[in-house]
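The data blocks that follow each hold one structure.
Across the two complexes that follow, subunit A remains constant while its partner is subunit B and subsequently subunit C.
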Partner chain A sequence: MREKKMRKKAYFFLMDGIFSIVILTIGFLIISSNKLQPGEELHLSIAAENTMNIFSSVRVNELCDESCNCSIRKLQDYCYRNIILNKEQTLLDTLGELYFRNRKDDAGMLFDNITSEGDLFRKDLFEMEFRINKEKIYPDEDLTQMKAESFELISSKKIIYGYYENALTGQVTFWGPYMAEVDVWRK
Partner chain B sequence: MAKISRKRKAVFFSIVSIFLVILFVSTTSMLSKSRMKESEMEVTRTRVRIMNSMINDLEEVYFEKMLYIAAKNSLIGLSSYYADDYFDSNVVQKRIEYALNDVIHEGVLKERDGTPVNLTKMGYIDFNYTIKGMMKNISDLFSTMGVEVKEFNITIPANSVRQVDPWNIQVTADIKYYFADKNRLASWKGFTTKTVNISVIGLYAYDYENGPKSNIGIITGEWKRDNGTQITEPTIVNKLSGSPFVFGRGICVSYCQES
Partner chain C sequence: MHYARKLRCYKRRQRIIKVSHMRKSQIISMDFIMTFVIYIFALSVFFFALKNAFSYNTIDLDVSSELLFSRLDQVYDEEYDFFDGSKIDKEKLDIFLTGNYDPEKLYDFVFKDFENPNMFQRIDFCIYIENKTADRRIIVRNFAAYDKEEDYPIILAGNVCGNEPRRSYTNPIIRCNSNNAESIVLSKPVLFGNEIMSLKVLICAKRR
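This part shows the complex of A and B:
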């Protein structure tokens, strides 16, 4: 009778041990599944690299004709106002040249306009920061806190340098090299 | 007897529960270790991917631009140096491709007897935009990302500088590079040939041949192409090579005067 009682107790302890292991395992699995899915990471990576690739491969003269009719509003404005001095360079080089000529605000507005009109990334889902030589060009507002709190952040970098010539005086100016960086993170 | 059996059972259950706890703890720590390794590998993969894209970019876009900038900087310096000495045959001792091959690296022109003439120290060439100067600056940027420039060399082979039209000089160069990650994760080694058309705007032109000395000064977009029935104005490549012969059409300040 006593032995029977003991056996029952043993089963009870064994079942209790197994249940606790099951509960702990489930808890562990729930915590581990809480990390960012690879698919989301891929989206961030694509957004960062797409932005950099488009900026570094599209030239100004591919978006603007001889008479400064451009498919991007801000680019057209800068072309008319002779702010853009070398139409043969890429959009990224143009941003670098504006940075060199101390026109950081113009560079920021151009970056904003191209990413908005070109639908380069979903502003409702992602946040983006663009820097040249570690100086923030885009956006205007301070996102340091938001960036620090983000789970995943993808960065893409490129080295930029270039030149522009004044056809009237024959003066040639070289600039760079600078480091251009784009950080993308989920909101 | 029953007491001993009960004790044995208690010991058995204790051992089983300790074993289960050990199993759980070791599985958890193994999983977290493997996840750490996985994330380390992901960081390495991302780093290599970023570097790959940067090196591809350098090869596809920026080597060409680097060649343009270094060659233009050198041509501006050489033309100004020659002009200051009236394009004298004692000064223009070499064909332009050989002179360009000398100065493109660090701005030092070697005369026929081997005497070096440092055009950067004389203020004709900006050192920052010679190959050595640009590579120094790019190396500094690379080193912040943990990449070392082990080798970077540009060579301009014979007959690879020519005038394609009055406004453009074509330069072809062989580029050899070797970049390596400081952690020895990856390295990038390669050889490529790049051709660029350099606008003559900004170069100094001078009439060194007999005849009217009129086409002197920095070339601007306002200069006019030699369109006469008889070609009178040599090309800039001719002028910079000290050649007395007229090949191809050149450009003049306002119009090219037929003799």
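This part shows the complex of A and C:
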């Protein structure tokens, strides 16, 4: 009888040990699944900075010649159709000007075309949103939910302002300043 | 007589109880030992796993993209200064490539700081400009930077990188020609001519 009782006790000790292993293993699995991704934030930051740098440093007349032959399809189209009025300004300023002239869809399409043809970021890995004065310009679809669920999001901002001239009247119109913002996060 | 029998009986009972107590304590101590061993084992596994969980992967080749491109941007020798922020001066680069550009000098100017002699015997660089379209990628310029010319390991479409710097390659394979090497590609969008392309640097590091 006593021996049976002792065996029962030993069984409980063993069970304690097994439970502890199970608990520790679960803990380990949880920690492993949350393993930090080295450089993740850095990649996003580089994607955001690279995009902002290209847009804010490359001027329209560096991509298009006098006769509106441009290396970016959409830019060429806008240049021919006189949608772009100031070719001296940067791509980012051009987007700002289109925003000012209430051509937000054109600005969104131009941003999309430049990032695609210029291969500015990995669209298979990252999502990008471009906003001017907190108004979404790119992309068309609503990514609010996806953006809210992303673990890391990097934002790059720049103040933009500029002017354009009416070729017929010579009237100069100043626009801005606006806040241009690129948000990048992993898909 | 009766008393002697009683005493014998008492002694026997005492012996049985003693043996029983000994066995009981033996079982308990065995249980303690077993539990202790299992706990120690589980704790070791836990801390070992924890250490691995928070240690980054074991790639030793860690070159900062921002730092590398900013070094390329800040070369003080006029001949080697073809890169400016996010623009490459095409004419200047072509003059640089058709002239007697020196991969060892370029290495000294830009890449020497990225050496890691504790981990790697040598680190070699292939710098190229890539134009990617929807269906193909074309390398329009390529040139090399190394510390020692012998055994330079980077192969671009069967050629040694930098041998024909102005030749165009369509969908080429570019690789390190060494088994014991780590490699990474760093990329930055740049304006080249009137097009936006990617300035890429393939880094091959031969392990010790």
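Everything that follows uses one rule, which is that the second predicted complex is superposed on the first by the 151 of 187 C-alpha atoms of A that agree within 3 Å, B and C clash if a C-alpha of one lies under 4 Å from a C-alpha of the other, contacts with A are read in each partner's own complex, and residues count from 1 in each chain.
Basically, contacts are C-beta pairs under 8 Å (C-beta built on N, C-alpha and C of every residue); 3 or more make two chains touch, one makes a residue touch a chain.
Predicted model, so just to flag it, every value in this text is computed and none were measured.
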item: Which of subunit B and subunit C A:Ile21 touches, first, second, both or neither; value: both
item: First (subunit B), second (subunit C), both or neither touched by A:Leu143; value: neither
item: Touching partner for A:Leu153 - first (subunit B), second (subunit C), both, neither; value: neither
item: Touched partner set for A:Ala10, first subunit B, second subunit C, both or neither; value: both
item: First, second, both or neither for A:Pro177, with subunit B first and subunit C second; value: first
item: Partner chain in contact with A:Tyr161 - subunit B first, subunit C second, else both or neither; value: first
item: Which of subunit B and subunit C A:Ile54 touches, first, second, both or neither; value: second
item: Subunit B versus subunit C as contact partner of A:Glu117, first or second or both or neither; value: second
item: First, second, both or neither for A:Ile72, with subunit B first and subunit C second; value: second
item: Residues on subunit A lying within both footprints (that of subunit B and that of subunit C); value: 2-3, 6, 10, 13-14, 17, 21, 24-25, 28, 32, 49, 57
item: Footprint of subunit C on subunit A - complex, ascending; value: 2-3, 6, 9-10, 13-14, 16-18, 20-21, 24-25, 27-28, 31-32, 34-36, 38, 42, 46, 49-51, 53-54, 57-58, 62-65, 70-72, 114, 117-120
item: Subunit A-facing residues of subunit C, complex; value: 20, 23-24, 27-28, 30-32, 34-35, 38-39, 41-43, 45-46, 49-50, 52-54, 56-57, 65-66, 85-87, 132-133, 188-191, 194-198
item: Contact set on subunit B toward subunit A in their complex; value: 2, 5-6, 9, 13, 16-17, 20, 24, 28, 31, 35, 46, 50, 53-54, 57-58, 61-62, 65-66, 68-69, 72-73, 76, 126, 128-129, 134, 137-138, 141-142, 144-145, 199, 201-203, 218-222
item: Contact footprint of subunit B on subunit A as seen in their complex; value: 2-3, 6, 10, 13-14, 17, 21, 24-25, 28, 32, 45, 49, 52, 56-57, 90, 154-159, 161-163, 165, 167-172, 174, 176-179
